[in-house]
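In the part that follows, the structures are each spelled out as structure tokens.
In what follows, subunit A forms one complex with subunit B and a second complex with subunit C.
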Partner chain A sequence: MIELKNVSKIYNYGTPKAVVALEDVNLYIGKGELVLLMGPSGSGKSTLLSLIAALTRPTKGIVKVENKIVSKLPDHFAALYRREWIGFIFQRFNLIEELSVLENVLLPLVPTPLSIARSEERGWEIMERFAIEHKAHTQVSKLSGGERQRVAIARSLVLDPPIILADEPTANLDSTLAQQFLLLLEKLHEQGKTIVVATHDPRFESLHVDRIAKVEEGHVFYT
Partner chain B sequence: MNLKMLAFALSFLRRRLWKNLAVFFVFWALIFLVSSAFLIAASIKKELFATLEELPQIFVQRTIAGRLLPSPVARIEKIEQIEGVEAAYGRVWGYYYFPAAGVNFSIVGLDMDMAGFTPWMDEILASGKEGMVVGEGVKRVLLSHYYKEYFNFITPSGDFLKVPLVGAFPAHTELESSDTILLPMQTARKIFGMPQDQVSDITVRVNNPKEIATIAAKIRVLYPDSRVLTRFDINAAYQNVFDYKSGLFLALMLGAFFAFFILVFEKMSSVGKEERREIAILKALGWRIGDVLRLKFLESSLIAIFAYGLGVVGAYFFVYSMQAPLLRNLFTGFSVLKPRFELIPVLDIGLLLSIFFATVPLYLAATIVPTWRSSVIDPEEALR
Partner chain C sequence: MFFTPEIVISLLIDTLSLLLLAIAFVVAVRILLWFDYGSDTSRQYALERQSYLASTIVAFVLAVKIPAIFYFIYTLDRLSLVIPGAMCAAGVVTANEYGVWLFMLKIVNIYLFGLWLVLHIADLHTSNYHYTRAKFAFFLLIFILVLLEFVLELLYFGHLDISQVVSCCGTLFNRAAHSPLALVAAIDPKVIAGAFYALYAALLIAALAKKEWLFSLLSLLFLPAATVALIFFFSPYIYELPTHHCPFCILQPEYHYIGYLLYALLFIGTFLGIASAFWPKWMKKPLNLWIPFGFDTLFVGIVSFYVLYYYYQNHVWLL
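And now, the complex of A and B:
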């Protein structure tokens, strides 16, 4: 389903400040698999997720999703690809602080042809699923870390994407909330979602994962 | 229109309420000031030029070495003999200095047998009252010096000439009549010490208005010492005065424009780090560049169109309901006696469109261009 072929990513390429984030990476992730990308900070895990989500382009190599090259998509189609295929849970949540919970959850639905009523219905459904409906009209900046994470997850799933990418999802959570998140991932995995988690949290190793890939200094190895 | 996008544009505006209110206020103030100035000018021009339409078609004045002198009455008959001239009239007029108030009155002597002025004037003449009819400005000055029923002019021989006050011009004519006194021609002659065989100048009416310029040229040939002015020359002179005043006002407005352009430039040249991050978040969530631009366009349009609409409505209210306190003085200071008059409402679509196109698209571009520049960056780069 997801395939990276000879992928390298060099930031500030061609300048004296060039930084190699990934080098000649080959990786395959099958449909419905739960894959962990484990490695220390700065090893290239987040960059790998960004490449899969077409948030950035590789300096070399190609990224394919469902046999389609997504790494060379023009901006317009890259956005449509993300909308249709990707649910991204960011490490720092990347919520819009001054908007309410409901507004944040609805953000991915705004440019879609879905009606206002249907969009809101979908928003409420997903908020109920993550038990944040009672905070629907609360400004995100007033939420606790755990609540913010639930908003971020709800937002990433509101369009029901087949691929979920999570970047250090437990980094800002206490152990109870982290445990709840792990259970959620298992549930999503059971529903057939393809899940890629970048983490260096050893608690993830207790999950029933399909594969664990080690990311070290820009190289990726399956263990 | 995508109503969800509109709802989100409103939510996004609400987030930075004070900043957006400040931008809205600057925009509103600019539209309000510019619209007010142009509405006052348009209103005054409308009134003035409507009145100028009633002026004689040709004025003939005698000059020697550029100095105005009375014209011999005999010239009236000669001018009437020019083909195409319907009638010629001698006028006795001049300025009378009233030292107690330090102002000049414009005195115009009327041939009381000559009808065909405005209806209100004909009414006063028909009443048979012998005396003077004054503009509102003159009336105010006379009242402030306790002249309620008459005024004592001083003739060139040093005698007093008591002239009863029989009426005042209607308020709507005040712009052009504020400092004017109309009285019988014989009375005017006494005030100016002008002999019976002379007049101050001659006015001419022609049969065919298209021949005004030709007949004016013929009069110049007949009397080379004369200065011949047509209604068009006077129109042009007034036009110059108002264009000059509008120009002065626009020069004063440069400060406001400058502030607006700084605002626009500031917006054009930079998008804050926070805004760049937001654009990246939206793109990461599947928004296309077009979607982001649409959102920003709606946000800016809401500010710009509301500021424009309220600015124009405010200007109409300020100019026509409140009669533009302070601002109108900039345009009406040309008379010695400041006229009080009603600003007549003018709906000039061209003017409103000009103000719209000079400001709103500029502001929209100032928002869209930097948003577009931030939108084309890789979202990952902005989120790192």
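And now, the complex of A and C:
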């Protein structure tokens, strides 16, 4: 499903400020797998997720999803690919503070051909699923950390993507909320979603994962 | 050499354009040498990023240069106020040996710029950089022509002499003039008009039959045919003067700047018509031929209106 072949990512490549984030990474993630990328901060986990999501391009190597090369997609096609395939949960949630919960959740539906009525219906469904429908018209800036995270998850799933990428999803959560998140991931895994989580939170090791990959200084090792 | 605000602006636009295109030229050479979509090396990824930047620069410059031809025509028209003997841009453009070549090159270039932009848009619609090499190879030709245009423009403006009396349009487009146009002027204007309307009818038939290549070829012929018909058949009706044949005086305020509209319609219609042959291959869908035909029709409608209106007012044909 997801395949990285000899992928390197060097920021500021060709300049004296060059930083090697990933070096000659080879990785395969099968359909429906739940894979953890574990490693300390700055080891290259987030870069790896960004490459899978085609948010950034490798310096060399190939990233494939469902046998399609995504690392060479022009920007417009990369956006289409993300819309169809990827749900991304960011560490800092990346919500738009000025908008309401419903508006944030509906954002990914804006460029789709869905009607406004159908989009809103979909938005309400997903908010109910994550128990945030009672906050639908509340501005995001007025929500607690846990609520914000649920909004972020709802937004990432509103298009029902087959791949979910989560970058340090529990970094800003207390242990109760983190536990809830782990249960949610397990549920999504059971539904057949391919999930890749980048974390250095040891609580994830209690999850029933298919594989754990250690990321250290730009190299990836399976444990 | 002398300067007017219009000359300074024209030279400034072309100098900046050339500088920006020179950046893209360097990238274009690299792309033609090393671009290989199948490769996953750091150089290939860098070239893909650079191609995006260079294409954006070229698209921007060409999109500015296409309408800039009207500014150039306006500049020529304004210069007729300072060059003795010139009544309009016609006298200015023939003031030295470089003007006509420069003007012709500018017209050829806007068609090539338009084709490049169509190819660029087609490339943006592919996920595998399908036309990237082709569009940069095409760009090399365009760069050489833009460079030539710049040199000609420097020579042209540099050799303008306000102490020298030039010919006015009345002399230049006269049947007795010693120019290639004099040969055309010798043809009966009714024959010219007949050929013009016949070509327009042929365009209609090609559009009805959805024959893109035929439509393209006819559009290519329609451009000179319409220009000649405008000079030798329609212009006397626009000026309401049987001896006045000039493609430039219609740009002046006395004629409500109608020339700008006429040339814009003619250029857009014939450009889209010519491009219709390449459209299906590049854009993966045929161009609706009624769009270029619509522009052609507006052109034909306006010039014909002048003839009919004159006849309605005066009950006499001028030619």
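The rule is simple: the second predicted complex is superposed on the first by the 223 of 223 C-alpha atoms of A that agree within 3 Å, B and C clash if a C-alpha of one lies under 4 Å from a C-alpha of the other, contacts with A are read in each partner's own complex, and residues count from 1 in each chain.
Operating definition for what follows: a contact is a pair of C-beta atoms (placed from the backbone, for glycine too) under 8 Å apart; a residue touches a chain by one contact, two chains touch by 3 or more.
Bear in mind that the values here come from a model prediction, so they are computed numbers and not experimental data.
Trainee: Between subunit B (first) and subunit C (second), which, if any, makes contact with A:76: first, second, both or neither?
Mentor: Once the two structures are laid over each other on A, A:76 reaches both partners.
Trainee: Tell me the contact category for A:111 with respect to subunit B and subunit C: first, second, both or neither.
Mentor: first
Trainee: Is A:182 in contact with subunit B, with subunit C, with both, or with neither (first, second, both, neither)?
Mentor: Touch partners of A:182: none, neither subunit B nor subunit C.
Trainee: Going by the contact rule set out at the top, does A:59 touch subunit B (first), subunit C (second), both, or neither?
Mentor: Only subunit C; A:59 stays clear of subunit B.
Trainee: Could you say whether A:195 touches subunit B, subunit C, both of them, or neither, answering first, second, both or neither?
Mentor: neither
Trainee: Going by the contact rule stated at the top, is it subunit B or subunit C that touches a larger number of residues on subunit A?
Mentor: Between subunit B and subunit C, B touches the greater number of residues in subunit A.
Trainee: Could you tell me if A:119 is touching subunit B, subunit C, both of them or neither one (first, second, both, neither)?
Mentor: first
Trainee: A:13 contacts which: subunit B (first), subunit C (second), both, neither?
Mentor: A:13 contacts subunit C only, not subunit B.
Trainee: Can you give me the overlap between the subunit B contact set and the subunit C contact set on subunit A?
Mentor: 57, 75-76
Trainee: If we count contacts the way the header does, which residues on subunit C are in touch with subunit A in the complex?
Mentor: 37, 40-42, 45-46, 48-49, 52, 124, 127-129
Trainee: For the complex, which residues does subunit A have touching subunit C?
Mentor: Touching subunit C: residues 5-6, 8, 10, 13-14, 57-62, 71-77 of subunit A.
Trainee: Taking the complex as given, what residues does subunit A use to touch subunit B?
Mentor: It is residues 47, 50, 53, 55-57, 75-76, 79-80, 82-84, 86, 88, 90, 94-96, 98-100, 103, 106-111, 116, 119, 155, 159 of subunit A that touch subunit B.
Trainee: Using the touch definition up top, name the residues of subunit B that touch subunit A in the complex.
Mentor: Checking each residue of subunit B against subunit A gives 2-5, 7-8, 11-12, 14-16, 277-278, 281-291, 295, 376, 378-381, 383.
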